[in-house]
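Two complexes come next, and they have one chain in common, chain A, joined by chain B in the first and chain C in the second.
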Partner chain A sequence: MTDIVKLILDLLVFPGGLFAIFFGLFLIGIDRKIAARLQRRIGPPIYQPFIDLVKLIRKEMVVPDTAHVQAFRLAPLLGFAGMMAAVLLIPITGVYQGFGHSGDLLVLLYLLSLPAIALMIGGSASSSPFGAIGFSREMVMMMSYELPLLLVLVTVALKVGLATGGIATFSLSEIVQFQLENGALLFDYTMLPALLAFLVFIPGNMGVVPFDIPEAETEIVEGPILEYSGAGLALFKLMTSLKMVVVLGLAITLFFPTPMGENFLLNLLWFFLKCLVLMVISITVVRTSTGRVRMDQAFKFYLKYPTVLALISLILTLLQG
Partner chain B sequence: MKKLLQKIAKKSPWLYRINAGSCNGCDVELATTACIPRYDIERLGCKYCGSPKHADIVLITGPLTARVKEKVLRLYDEIPDPKVTVAIGVCPISGGVFRDSYAITGPIDNFIPVDVNVPGCPPRPQAIIDGIVEAIKIWETRL
Partner chain C sequence: MSTYTIPVGPLHVALEEPMYFRVQVEGETIVGLDITAGHVHRGMEFLVMRRNIYQNITLTERLCSLCSNNHPFTYCMALEKIAGIEIPERAEYLRVIADEIKRIASNLFNAAMLAHIIGFDSLFMHVMEIREIVQDTKETIYGNRMDLAANCIGGVKYDLSDEKIKYLMKQIDRLKKPLEEIIDIYINNKFVRARTEGVGILPKEEAIRYGVVGPVARGSGIDYDVRVKSPYAAYDKIKFNVHVENGCDVRARAIVRLREIQEAINIIEQCLKKLPNGPTCIDYLPEIPAGEAVAKSEAPRGELIYYLRTNGTDMPERLKWRVPTYMNWEALNVMMPGNKVSDIPLIISSIDPCISCTER
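Right, the complex of A and B next:
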């Protein structure tokens, strides 16, 4: 009984749910502020995403006449729910153990594709031609960034698995435990290419410039989320903020989960700091300093560089083991 | 509680531009207001959005030519309530240099309720920002 209560609390209040939403929205607010400062603007206040949410919830939700109503209404919920579940699997060292047991890395991989699928369903259910274009682009984007992601995950799993005497371990807690004992994978030269590949994967998955092709505002006016307003749009914004936490948290878990000490709050702050630095490197700076690339360019880019980098890591790991 | 939410929500007005047959002068000024760091309007919480479904404050430029009238009215209907309309430039008020032309059906407030007028041909970015601030005040009462 207490297990269930604890699980529900985990899901709704502390590492998942409310806390993760606050965490993600705060990160996005800081991202917007830093992006503005990099462009020599003043920028919105850091709490701007919260204000946007309150506003969106107070607005009316318009459903187009020609849309498939159920799919249109359920798509944002699907993406949001998937990300809520995914946050639960991310361990914060020294603060939270992570929910999963043996195969949570694989579960996380599947959950990570849910936001893109939700966008696809929403875009195609809205019956808008821009939504349909967004759908096909989202699909191509997903196909191009999933391969390097999978290779990186397999590399880390193999590395930890071979070192602990098995074949490959897909358990996040074992990966964290291994790194606590043998030092973070960030400082292992064989893992550096994989880390780079993951850094390149982040902007593609988060859909920011230069890889915001599915939601290109200036070409296809935000594509899949074009027809969403009010609460639906708010759910998509929440989904994006949770995805930010999941993707950054996953990178930290895989490569640098080292805690700051025993203190609970200090560890939480340390995790936040790591997220912040990673976000600035892989999202903010990238999106303020580049322009959008074409679909075929992005596809070729992802199949060339991150894939090769991840493969190098994989081969090095296999040679070592 | 409602008052508090109202007070919070008014800090996030998203802008949407409708070109009702304008000569592009006002649109260039609008782009200037949005894109140049000097007039950064993101500090007010504003954001230009591509979709009418996301909009709160509608900026209309141009004298409403006969060609675009139907489309502008349809677009206006697609914007979810509560919304505020700001007419940018002198064209929406009187037709400006296109006054008495056979091709225009304006003034715009015969068809769409206009809340704020920003006159000028084209108006300066500061005037546009001032108009947006006025619009936010009106928007607050409708939230």
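Right, the complex of A and C next:
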């Protein structure tokens, strides 16, 4: 019984649920502020995403007459729920163990594709031509970044698995445990290409410039989420902020989970700091220093660079093992 | 693959003004285009006939925001032709200066829009920041940031004191270095290049067939500039180059516009150096006899033609103008097909459409 209570608390309060939402929105607020400063703007206050969310929730949700109502209403819920579950799997070393079982890395891989699928369903259910274009672009985008992601995950799993005597370990807690004993994978030269591949995967998955093609504002006016308003839009915003936590948290778990002593709060702060640095490197700086690429260019780019980088790591790992 | 239609506009984030394009798309490739105009029709041609010739200077200035100086400029030239007024030499130079300052601001705005459309918002902010130097200059010298109110019949309404000349020189010097930087970005930056090169191609033959004007023509290798072909004001006394690109694509048109800014700076500098002394305007209120005249000038977007007929009263009998966008937007039918959906706003913005001039 207490297990279930703890699970529900984990899911709804900490580290999932409320805490993760707060964490993600806070990161997005900081991201917007830093991006604004990089562009010599003042930028919105850091709490802007919070008040935006409150405003959206209080507004009416308009469903277009021609839309498929159930699919249109359920799509944001699907994405949001998927990310709520995914946050639960991300361990914060020294703070939270993770809802870990042996295959949680694979579960996470599936959950990570849910936001894109939710956007696709929402976009096509909205019956707007921009939604339809957004649907096809989202699908191509997903196909381009999923392959390098899969390769990176397999590489890490093999690395840890081979070193601990098995074949491949798809358990996040074992991966963390291995790094706590043998040093973080960040400092392992064979894993550097994989790390780079993951860094390139982040802006694609988060849908920021130069890879915000499915939602390109000036081209297809936000694409899939064009018709959303009120609570539906708020859920999509929440989904994005949770996805931020999941993606950054996954990167930290895979490459640099090293904690900062024993203190609970200190470790939490350390995790936040790592997330912040990773976000600035892989999202803020990238999106302020580039322009949007075309779909075909993005697809070719993902097929060329991150995939090859991840393959190099995979081969190096296999050779070592 | 089935063909379907995407509506772009009348209100669209990438269009500054209302314009409706129905784009036929096959997958992500454009196959056809349907332009619907008429969303900002304000009945200006009728209004002109209800106001006297002096009030019309103010009215024509409000036709459009970005090329606002060219309209009263050309209107005044037409009036002066009818009345046979010789304007003072100093006024000719001052008119050129006002025109070129507006050209710099207009072309920088279009360059910034290109960056915004390809999602390169840092570049957009950067270019707009440079444009702010020009806006400040306009405010200091003319008192306004958009409509300069520089022209009147027989001359100009403003004068440049030595102090203002010094200030203008200084402001223009401040533009040079950042301008070099952004031109380098627009030509060489990988992201800008990947999006603009080979997009929206308008071959030279088609450009001639459609009779495009301004930077669109010069980006397709046509060496046509009203300032050189039929000089007006002080342009025959100034040496400058007309920049022509042979790329025929969005990139070529952007480069032409940016190079024209450099040329405009050159022109202003020459004007300030050569600026003769004397009055800035004729010292009497002219009588406008019955007659008709055509005047043309090179607006930032291309050739602007005014036809004016007067009947001896203080109201014009007919005022008709042909704006550059009218010639350029038909050419979209050639530029669009074969490109991707993501390039629609980019190609539209590359002709720098001024809808409120065109539909007035």
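To be clear about the criterion, the second predicted complex is superposed on the first by the 321 of 321 C-alpha atoms of A that agree within 3 Å, B and C clash if a C-alpha of one lies under 4 Å from a C-alpha of the other, contacts with A are read in each partner's own complex, and residues count from 1 in each chain.
As a working rule, contacts are C-beta pairs under 8 Å (C-beta built on N, C-alpha and C of every residue); 3 or more make two chains touch, one makes a residue touch a chain.
All values derive from a computational prediction rather than experimental measurement.
Asker: For A:Arg73 in the superposed arrangement: first (chain B), second (chain C), both or neither?
Answerer: In the superposition, A:Arg73 touches no partner, neither chain B nor chain C.
Asker: On the A-aligned overlay, A:Ile133 touches which partner chain: chain B = first, chain C = second, or both, or neither?
Answerer: A:Ile133 contacts chain C only, not chain B.
Asker: Mind working out whether A:Lys274 is in touch with chain B, chain C, both or neither, as first, second, both or neither?
Answerer: Touch partners of A:Lys274: none, neither chain B nor chain C.
Asker: Who does A:Val221 touch here: chain B (first), chain C (second), both, or neither?
Answerer: both
Asker: Could you tell me if A:Pro210 is touching chain B, chain C, both of them or neither one (first, second, both, neither)?
Answerer: Second partner only, chain C.
Asker: Which partner chains sit in contact with A:Gln297 here, chain B, chain C, both or neither? Use first/second/both/neither.
Answerer: second
Asker: Could you say whether A:Lys237 touches chain B, chain C, both of them, or neither, answering first, second, both or neither?
Answerer: In the superposed model, A:Lys237 contacts neither chain B nor chain C.
Asker: Have a look at where A:Asp52 lands relative to chain B and chain C in the superposition and call it first, second, both or neither.
Answerer: After superposing on A, A:Asp52 lies in contact with chain B but is clear of chain C.
Asker: For A:Gly43, is the partner it touches chain B (first), chain C (second), both, or none of the two (neither)?
Answerer: Only chain B; A:Gly43 stays clear of chain C.
Asker: After overlaying the two complexes on chain A, where does the chain B footprint on chain A coincide with the chain C footprint?
Answerer: Residues 39-41, 217-218, 221, which sit in both footprints.
Asker: Using the touch definition from the top, list the residues of chain C that touch chain A in their complex.
Answerer: These residues of chain C touch chain A: 4-7, 12-14, 27-28, 115-123, 125-126, 129, 189, 191-192, 194-195, 340-345.
Asker: Sort out for me which residues of chain B touch chain A in the complex.
Answerer: Interface residues on chain B, with respect to chain A: 5, 8-12, 37, 40, 42-43, 45, 49-51, 53-54, 56, 78, 80-82, 143.
Asker: Which positions of chain A touch chain C when the two form their complex?
Answerer: Chain A reaches chain C through residues 38-41, 129-130, 132-133, 136, 209-210, 212-213, 216-221, 288-297.
Asker: Okay, in this complex, where on chain A does chain B touch?
Answerer: 32, 36, 39-45, 48, 50-52, 54-55, 58-62, 217-218, 221-222, 225-230, 233
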